[in-house]
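Below are structures written as structure tokens.
Look at the two complexes coming up: subunit A is in both, with subunit B in one and subunit C in the other.
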Partner chain A sequence: MSIKSLSHSSLTDNLFYRSMLAGNQPYFPLPEGSYHWLATETVPSTQASATLSNLSFWADKYDSLQVRYSIRSTRSANVDGLMININGDYTTNYSSHNLYADGVSIYAGPDYPQSFVNAAQIIANNSTAGSFSMGILNFVDCFNPNKNLSWMQEIGGYGGERPIAIGDGLWMSKDTLDSITLTPRYGGQVAQYSTFSLYGLRGVA
Partner chain B sequence: MPTQTYIPLANYTLTSNDSFVLFSNIPNTYKDLVIAFEGQGSIDENLVFTINGSTSGFSWVQMTSAPTTGYGTNTSIGRVSTSRTTSSIQFSDYAMTSKSKTFFVTTEVLASEIRFLTGLWSNSQAINSIGLGIRTGGSFLTGSQFRLFGIHG
Partner chain C sequence: MQLIQNYTLASNQSFFEITNIPQTYVDLFLVTSLKFGLSTSYQFDDIAIQFNGATGNVYNTQVLRNREGSIAAFRNSGTSNLALVFGATALGATDIFGSASVYIEDYTSSATKMIIANGVTETTSAQNVQSGILGGEYTESSPISSIKIYSLNGTNAIANSTVTLYGISAGNDGITVVS
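Up next, the complex of A and B:
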């Protein structure tokens, strides 16, 4: 790390540094281990979507990110769809594959090109009260500037209907990952008590 | 600030065959729980479980590598085999009393099958104990390992 001139400091520039090394990058120690909890949002009241933002802050600290979520849609039906968008991109830059089942039928299929990644189905308002779908997204090597962004996804819930799926998503861009937005697909909103947690994983502890 | 997580809470390795393994006094200070099982059973049978001592209120749907799909309203949430079996059981928001409890179970029976299951325990209680057994009287064999982890959130 290069040392910056003290002609620019918190005193001369009126800047706040968390480090005593004025002018240098803030000192930001990571805890031991390779799997760290970074943030959680619990939805306080119904909202249109959920966004995990400022993810690029973690680019030099972690290799991979994981999102664990518990979600229910307010749509007046047993289920709703779920869309994933990256960095606010709503153009047809996405592809996905999913293996779906519902306890009666099992089927698979690709979705491309689309303006979102199809994250399968989630529990909605007409389902059993208090039931939520559970999902996990694994973004592996997600800050590598030489790769388009891809991830594995699994989701399932039970309540009225029984949607379960595993699959993958692809965003055809090498731009630095900065935000992940999850939006109910068919007019519903994200219900109260839905939770979204972000984790960072690194190869060297 | 980042917080180290995936914290080991309990670790059992059976020194003799046992028909039932119980994780009790689970703290409510994490968001999610993960149970990792690796071992063998005395018979090929369904893995069954209890939550807070309860065997009611369960429903599940699964898909398998056959490929097949099915659903049920009992506690048979996985598989144990006389071949090596690995399973992970993950609970979301296990301590949140404003929702029922949703879980994933991924099971792999060596060179045989893979199952992915999601289920619901229709109860808003915080989970404080989880028991694992084998349906119709089977036992987990000596050397089988059961680990419980907590994930902050």
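Up next, the complex of A and C:
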């Protein structure tokens, strides 16, 4: 895009801009290293879901993204499920497979076809107060237009029925990744103080 | 964490090899997005890794794996490669690539190098997937200066497969205390 002149666009022409960027793309100098923290948001009060958006902004800067989250559901039970949707797509474009454990036994299960990726179980309202499930989503080479979007996922927590799991998710689309939505599955909401962080992994120096 | 090398295949080739790895980091972290050329009858394949071109019986692995809903735990000692028996797709998985990561500890050490890895594949069916986690060892005393990544079943790596190697540094921030 062309560079907009601050003096001509904003001051002399009486245009209002919310920042001194005056319509220009922000300059974003990348820090040292190749694994960067990009954002963290903590849920201020209970809400239906949590969405990390505008991810396509990072498409020319990072090869891979990682989401690390701490989540609890308000469902009146020990656990809730967790669903993941990409780019606001709620059609049956997803599949997932997980390996679960509950401290005694292990289980494996597919979820196909689904209108979401099953990200296993999260701690809910009847579990110990203040306990949250911790999860990681690894989106490797996630902006490659030749690949349908798939990712590694793992989650852990103490309590509930199947509180730890490793697995994978697939969104059968090559559209540019732009948003990730996490939603409790069985009627709960995302509890206050749940936290979501985004990291980027560089593929070029 | 610092990028050492990233490589995406423009066309099919038999293996990846990362050479001249700098000896200036503490650990290595390898991230892969792989598809191999096992026939369209298959939707997943296994990843094999060798360090420094070592083909002797110098690799030990212990694995927890979910293959098509069947859970298995097993170990293999004295093998000729580090077999990640998960993490790559095959030709039956249309435009879907497996994901895996491999963490190699203290790779410049003269002692046995410890490895932890995990990986997944996906597909559009209930079956035909595998994922798992691996603990492993490379028992040679020489520091790791090269890594070869290839199909355990001998097929080509497919175009758009990607490997990325990072170096992990150590240091002291002057604040954190470990005692």
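Methods note: the second predicted complex is superposed on the first by the 173 of 205 C-alpha atoms of A that agree within 3 Å, B and C clash if a C-alpha of one lies under 4 Å from a C-alpha of the other, contacts with A are read in each partner's own complex, and residues count from 1 in each chain.
Just so we're on the same page, a contact is a pair of C-beta atoms (placed from the backbone, for glycine too) under 8 Å apart; a residue touches a chain by one contact, two chains touch by 3 or more.
Just so you know, these numbers come straight off a predicted model, no measurement behind them.
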**Which of subunit B and subunit C A:30 touches, first, second, both or neither** = first
**Request:** Figure out whether A:152 sits in contact with subunit B (first) or subunit C (second), or with both, or with neither.
**Result:** second
**Message:** Contacts for A:166 in the overlay, against subunit B (first) and subunit C (second): which applies, first, second, both or neither?
**Reply:** both
**Request:** Give one of first, second, both or neither to describe whether A:106 is in contact with subunit B, with subunit C, with both, or with none.
**Result:** both
**Contacts of A:141 with subunit B and subunit C, given as first, second, both or neither** = second
**Message:** In the overlaid three-chain picture, which partner chain does A:95 touch, first (subunit B) or second (subunit C), both, or neither?
**Reply:** second
**Prompt:** Taking the two structures together, which residues of subunit A meet both subunit B and subunit C?
**Reply:** 33, 35, 99, 106, 154, 166
**Item:** Touching residues on subunit A, where the partner in the complex is subunit C
**Value:** 33-35, 63-64, 95-99, 106-110, 112-113, 138, 140-141, 144, 146-148, 150-152, 154, 166-170, 172, 174, 201-205
**Message:** Quick check: in the complex, which residue numbers of subunit C touch subunit A?
**Reply:** 1-3, 6, 8, 31-33, 64, 66, 69-71, 94-101, 118-127, 129, 131-133, 159-160, 162, 164, 166
**Item:** Interface residues, subunit B side, partner subunit A - complex
**Value:** 2-6, 31-32, 59-63, 67-71, 90, 92-93, 96, 98-100, 102-104, 116-120, 122, 124, 151-153
**Complete:** subunit B partner, complex, touching residues on subunit A are 30-33, 35-38, 40, 61, 68, 70, 99, 101-106, 128, 130-134, 136, 154, 156-159, 162-164, 166, 193, 195, 197, 199-200
